[in-house]
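Next up: some structures, all given as structure tokens.
In the two complexes that follow, chain A is the common piece, with chain B as its partner first and chain C second.
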Partner chain A sequence: MASDSLPTPPSTTLTPTPAAAAAASGSQSATDALTPATGLPPVPTATAAATAGAPTAPPTHAETLEGLLQQIVASNSPSALAGTLRIAVGTPEAREEVLVSTTSTGADPLEALDVAQHTIGALYILSARLTSASTTAPAIPFAYIDNFCRHFDPEQARLAPERVTLLAKGIMQRAEALGTDKAAIAPLHDLLTRYPPDLSFLTPIHPIFVTTCATTSFFTAALPVLAVPISQISTTLCPDLRYQDHLIYHYVGGIVFTALKRYAEAAEFFELCASAPVAPPTGGTSVARGPSQGPLGISMGGIGIGMGMGMMMMPPGPGSRYFNFSSSDPSMFQVEAAKKLLLVQLILHGKASTQALPLPKYTHPIVANLKGTVYNALARVYPNLEQVHAIAAKEAAAFALDDNLGLLGLVVDRAPRWAIRRLTETYLTLSLSEIGRAAGMEQIEEVRRVVLSMIEEGEIDASIDADGSVSFADEEPAAVSKAETDRALRTAQEQEQVLRRLEREIARSKDYLQKAVRSREEGSSANWPNIEEDLLGGSQGGRWADEAVY
Partner chain B sequence: MSSMDVDTIEEVEMEYYGATQTEASSSKAAPWSIVVDEAHPFDLDAYISGYSGRTALDRLIYIIMHSPALAPQALNRSLQLLTAPSQRDTGLYEVILSAYKTTATQPGVGLPPLEELVPDHTPYVTWIEETNERNSADRRKLEVELKTYTGNMIKESIRMAHRDLGAFYRATGGFDNALRHHTKSREFCTTTQNMLDMCLSVLELLLEQRSFSHIPTYVFKAESALDSIASSGLSGTSFSHGLGSSGQKRVDLHHAVEAKLALCAALSHLFNMNYAKAAQDFLQPMSAAALLPWTGKIVSVGDIGVYATLCALATLGRNELKLRVLEGGEGLAGEGEGMKELLDAWMSSNFRVVLELLERSSTRHLLDPLLGPHVVNLTALIRARAVVLYFQPFATIRLERMSAAFGWTVEDTEREVVALIQRGDILGRVDSQNKILRARSTNPRAQLYAHALKAGAEMQKATDKLLLRLRLQQADLVVRKPQPTPASGASESAEQ
Partner chain C sequence: MDNNSSPQQTVLARESPQVVSELPTLGGIIAALQAKGDYYGLIQAAERADLVAHDDHLTRLLIAVPLVLSYLIVNDLPSAKFALLRIPDAVASVPLAQATLKLFASVWERRYENIFSRGEALSNLARRADHLQEDLAELIAGLVGTFIESFRQRTFVLVSKAYTTIPLSLAQVYLGLQSDHLLRVTSSEGWHFDAPSQILTPVRIARGTEPSPASSTLLMFEGVTDNVARLET
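Then we have the complex of A and B:
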């Protein structure tokens, strides 16, 4: 169903059949060609070189670098070549070993390849070389990487998606090893913007790129990418996407926005991470367990801006340490995102999810429930300055454990402003000293400074008289122009069309029809039109009701 | 008064944050020293004559502990009542004396020491000895009876023996034992009527001991027993006392039990500071006759009237109040000292008088062991409601004028109004420099537009998020424990 409904990239010959692959590989022996056909798709592993010492059969012609190079240069069908390279040289480990070697003359194979024309071949060699632990491979200058990322042919690269992911990881590793982390940003950005059809597709490069931006504190570099919301998930384009890519991208994206003080976007990103879908429990036995239990909770809590790069270096597959205990548990990323979201909401709205701005209804209950945490305690007293300070001082260790101390500082600094904002809802005029008393500030000049800066930043509409009395103007809702209304209507109509199209697609889909037929047979069709209401009602119902007072 | 104001606002605030803090606030709300003076009159004799038996003593002890001014008088009165022939609880003597001692030793009280008031203990000591002797004889007799019946295995007799022992322990102050025997008797209940009697005995005991936490359980049990009696009564078989008008009598009994259960539920809601629910239960049909065996022994009709009126004023809207209390109310609201005047003043929007009446009767209310802990909260709620009602018709009003209407200072008024605005009860803003309260000017048209746009944008965001979620699920990118083989497609995801 996914492949029906999702836009497919130009080439769909991603996984050639073994026979086609064998035919394409020409001189390759039949056994070699059949080996990978035994079932498992080849898993690219960053640590392949670790097994480089494993004994392999003496290389035949096809299994030497020259052989591969010849094939690469000779091939005129990129898709066939991708298939060949995928299964070349028997085991993936052996292939990686061949790919990182030099030709018998000691020449660098990359020099023989034109980046745009032989993207596939260059991609294989480059990614293997960058992620290899072998010291014999000649170093690749960053200029070459830059050049590759700027000029590779996206159509060809999409034939080997897992190599692209590997390349992205390799670039980051290499830059880190050289101690010039920032150098990775430009090539990663090129890779990320050129590889998918457009930026609304989530790729495994996304998290790698934003993480690099975040760790190098080069936040603005991530903005053009973050500005495009993810709306497409294509497993055809990126078969190696993992749920962590989605979580990490939005989590780190939220951190980047927070660092740039763009709190509204940060809140959106944190919310996306926190409310990500969690698999339903597979068996009846799994008991929902608080993810913060056990030592993992503590070690995971430390992912802040300086999130451990080791995480990103871990090879994909089982054993990564940020997996969950049981299938019904949310990821630690989600819990951390929910905590950060609460703090960001306090900065942004002066109140937080526990009371006024709940997470969507479909959020995993463990994530949504921050009751009993210091975060909830903070949100409850906010912006009462005295109590906020008390909690901040008393629970500093707990916030530090989650690496939220910096954010907490911002939240605390912002408290007087929210206290003053609240005053505007209650008073028309107040003297500066009264404001100071209410906001917990002693110095009149300090109060004046804060009020002035709030007026300047448009947070309140007020004026200060010569005698120190402040009058707050009535908050008139801004008049809505016709153009604005039209624009809103237009987007609503577009949205409606998108939804209608989606509905048709779903109504046509095999799964839906099967389900519909089954439920009709069982005569219980009455209970499934509600699903839709559940989902939409959950996210909107509460807020509608609140606002109905007008 | 002004310092108390701050307290009350905090009290009300706390209520909004749930039950955890209410314990602490209730103890704070019951100051141990309650003033009795010209402005807050209190007639001990008149008050206590409305009660008899153990309840009278309990109330006197409460007064001794909370009002130094009344303590000596209450001490005398309680010692008189203690030796009355119906009293059998000798432990109360020590309780009374120690209550007085505690109050007398509070700093700055200046009460005469106990020795001056009770120079001679001998009559009481003799009384205690005699009563104890009689009590233990009775107890032995009742226990032997229980043993005999248990030996004979006659269910009904065993039940009655347990019931009698329960009543005995209750009279002699053995609360735990009384409860034990009453609940034990449940095993030997043969009819639902027995069951109902047991529940009512336990409820009476719980009310007397002011232990409200178990009341809902027994109210529930009693209600189901009552229901089954009522339904079986329709078929005309059980529980009639053989008189000609048995149908009529049964209905009356039914009402009497219902009234008692409503009272119990209301009191337990009151105890839990759930004033709205308490008001609903207090307003159930009740009459002095229906509560008969309990009136005076457990509660007085006037008390219930006071509780009902205060809870109703604090939580009901003007219309509901009119409908359920003033016109055709079958409950006891409006009964009790000064409650009629209070309701009249309220309905004629004479809030100054309302507050004065409340203030004047505050001592009487604070010294009531059931109402005392809630007086501050209820007064605050009533006052807030009054301010809201008063401001409703105005667009702007000078705080001066408002304070005149309530009999407060301008500062008090401002504080009260500000608290109400912050809670969202009043839609207005205060001009603190010129002391004017101004209703919020609204431009409904602009607001509607702004609102529609905002709601639209939010809806769109929510939809986008849902779509992304849908795509994630289609691609099976859901958070889960790692599978041995990496999930590679949309195969199972479409299930969702």
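Then we have the complex of A and C:
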């Protein structure tokens, strides 16, 4: 692998062209003034040359690139360099064209840069190259991408957050183009775990990473990331964070947990997505994407979970429905998450939110209301085997339309177990054949297998006799060891500390204080309860708008 | 019983030289982790290797088989399923992949009557493979052996918990042991055997056999009350 990496020769090997050298020495009349931010000569541009009335032709991309490289290598101020690169070469389009070019000798500019030392420069060039449609730019081996993501300087990278997001998308695009989507997982993981101060910060990389893990069936690779609850949203760290990044992350996270049969965590993630505050209107910034494209512009087909788990990453239907921020309707991700949540609840509890496990009261009514749908019809009769099978057969097309047929299969398969579990509430002893009749199973050995499996999974407390009679016992309280108690207490204490820190941060946040002061000035104590609601879904919601960064 | 392979079948019919050159390193890492009994470490190493393995390469299979077996050992069946499903179609038809899939399917569906025989078949297939390096063959066979033993242990505990009495023949199916061997094992664990009726009476393993929590310390009590008080204010 290492042999595929681009070599990293010392920067002295870079030989500027005459034009670039002139630019670097500041000898051209139009570039006499040094760039204030970096203390370095500005990069020559066609515009600058024309303005100066220079008789020579405007600098080529290669020459401009060499000028940029000189600045990158010579800079001792990453923040100043980030500012320079952001506005370099006139327009963003012109800058990207330069960044994907080679030097006048045809050398790869990345060869002149040390990943850790020149993170900003390498990040700009790498992200441009990976997302460019140019066919002339030299290919970047995946080993170089791996190396960058393992060794970049996070402090420098945080000076160009939008380029980090671009890099993440570029890594995904390159892996797709090579037909090996899974190759993106390791570099994306490194990028995601090293870029933010810690994993509690939501970044635009989160949804890209979990989506890649899910579409490639590397579900377990996502678990260490999913294990850290999101508690920090920083638009300073990630100014290009979009409202739907959080929705997609938790929606796909729910799918990952469902695939791994970790239904409690799956339900938690679907609920987080479904019950999220709805993004307010942003004045016609809706982004319409075709149904073949995923929420991140990434092509996402069915993930083919297999064995009855056929679920799509992208909620079905026209793509524009998920990004229509011209109204305050909830995202369809939320509606689809609510449907999946109901099915997962049936597996997990034998009943759904429409019965005894309501969604949080702040859930948008459109999301929370599944009345009149096939989902509600299924929940009402569950786990009555005859009726469950009837609905599953009659409404298969409706579930298929939502790409929930695989999940429906799991729900149906689980129904006999819930039917058996309900028997334990009424009977003390039953024969295997009686249980089979109640659970719709004809074969005694199949009933035995299911009962044994339920005992193994701790779903029932029962014992079987040699003659095939099953005695049910009241569920014993779970035995908890001292070590488990200590662990639970430690976790509770850690969570309490997190909550306390969050509370302190909210209490001193500008938004919160402004609201508090305004409420006091208005003298209306009745407004206080709405402060947090306003902050989450009110006037500040514009920060979450789906803005085009470039 | 399964008869899922013929002696003529070889595991690495389409093996390429590159596979052989890469295997000793990965095989060595996996073998070292197996020797230490570090199956979670083995899973981590194999998952990482699976990320960079070429799709059209049998290396992927030789990563996937130890990975699946390790997941079976730690009783993480969903993850084992996806490790298997990631095997490319071109490689999935190889006998070693087929034998692993059959073993997994039996465990997934709790077909006790097939599990032990399919484990043995997989071991034998790995050892018989002409082109499979001896240490790798032993590695796979060793992992199968570890899985079978761990599965038998888990099943023994389950049967003890789930059955008040059980016919000897059924216990044999669950535990994959001949009657004389099974009777020796159960006798050593205190089970009663009634020869005329051929019924075994397990020693029931009740839930909650773990020691009860020791008394909380004053420090712990203070911590809990402090946290609760803070959260409620």
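Assume the second predicted complex is superposed on the first by the 370 of 550 C-alpha atoms of A that agree within 3 Å, B and C clash if a C-alpha of one lies under 4 Å from a C-alpha of the other, contacts with A are read in each partner's own complex, and residues count from 1 in each chain.
By definition in this document, contacts are C-beta pairs under 8 Å (C-beta built on N, C-alpha and C of every residue); 3 or more make two chains touch, one makes a residue touch a chain.
On a predicted model such as this, the values are computed, not experimentally measured, just so you know.
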{"item": "Partner chain(s) touched by A:Ala397 [first = chain B, second = chain C, both, neither]", "value": "neither"}
{"item": "Partner chain(s) touched by A:Thr485 [first = chain B, second = chain C, both, neither]", "value": "both"}
{"item": "Chain B versus chain C as contact partner of A:Gln232, first or second or both or neither", "value": "first"}
{"item": "Contacts of A:Arg449 with chain B and chain C, given as first, second, both or neither", "value": "second"}
{"item": "First, second, both or neither for A:Ala74, with chain B first and chain C second", "value": "neither"}
{"item": "Partner chain(s) touched by A:Ser217 [first = chain B, second = chain C, both, neither]", "value": "second"}
{"item": "First, second, both or neither for A:Thr180, with chain B first and chain C second", "value": "second"}
{"item": "First (chain B), second (chain C), both or neither touched by A:Ile464", "value": "second"}
{"item": "Which of chain B and chain C A:Glu425 touches, first, second, both or neither", "value": "first"}
{"item": "Interface residues of chain A shared between complexes with chain B and chain C", "value": "1, 471, 476-480, 485, 492, 499"}
{"item": "Residues of chain C touching chain A in the complex", "value": "47-48, 50-52, 55, 78-79, 81-82, 85-86, 110, 158, 161-167, 197, 199, 204, 206-214, 216, 220, 223-224, 227, 230-231"}
{"item": "Contact set on chain B toward chain A in their complex", "value": "17, 418, 421-422, 429-434, 436, 438, 440-441, 443-444, 446-451, 453, 455-486, 488-490, 493-495"}
{"item": "Of all residues in chain A, those that touch chain B in their complex", "value": "1-3, 5-6, 40-41, 43, 229-235, 239-243, 245-247, 268, 271-272, 275-279, 316-320, 323-327, 329-331, 334, 360, 362, 364, 380, 422, 425-431, 434, 469, 471-472, 474, 476-480, 484-485, 488, 491-492, 495, 498-499, 502, 509-511, 535-536, 539-540, 543-544, 547, 550"}
{"item": "Chain C contact footprint on chain A (complex, rising order)", "value": "1, 179-180, 182-183, 185-186, 216-221, 259-261, 304, 306-307, 449, 451-453, 455-456, 461-466, 471, 476-482, 485-486, 489, 492-493, 496, 499-500"}
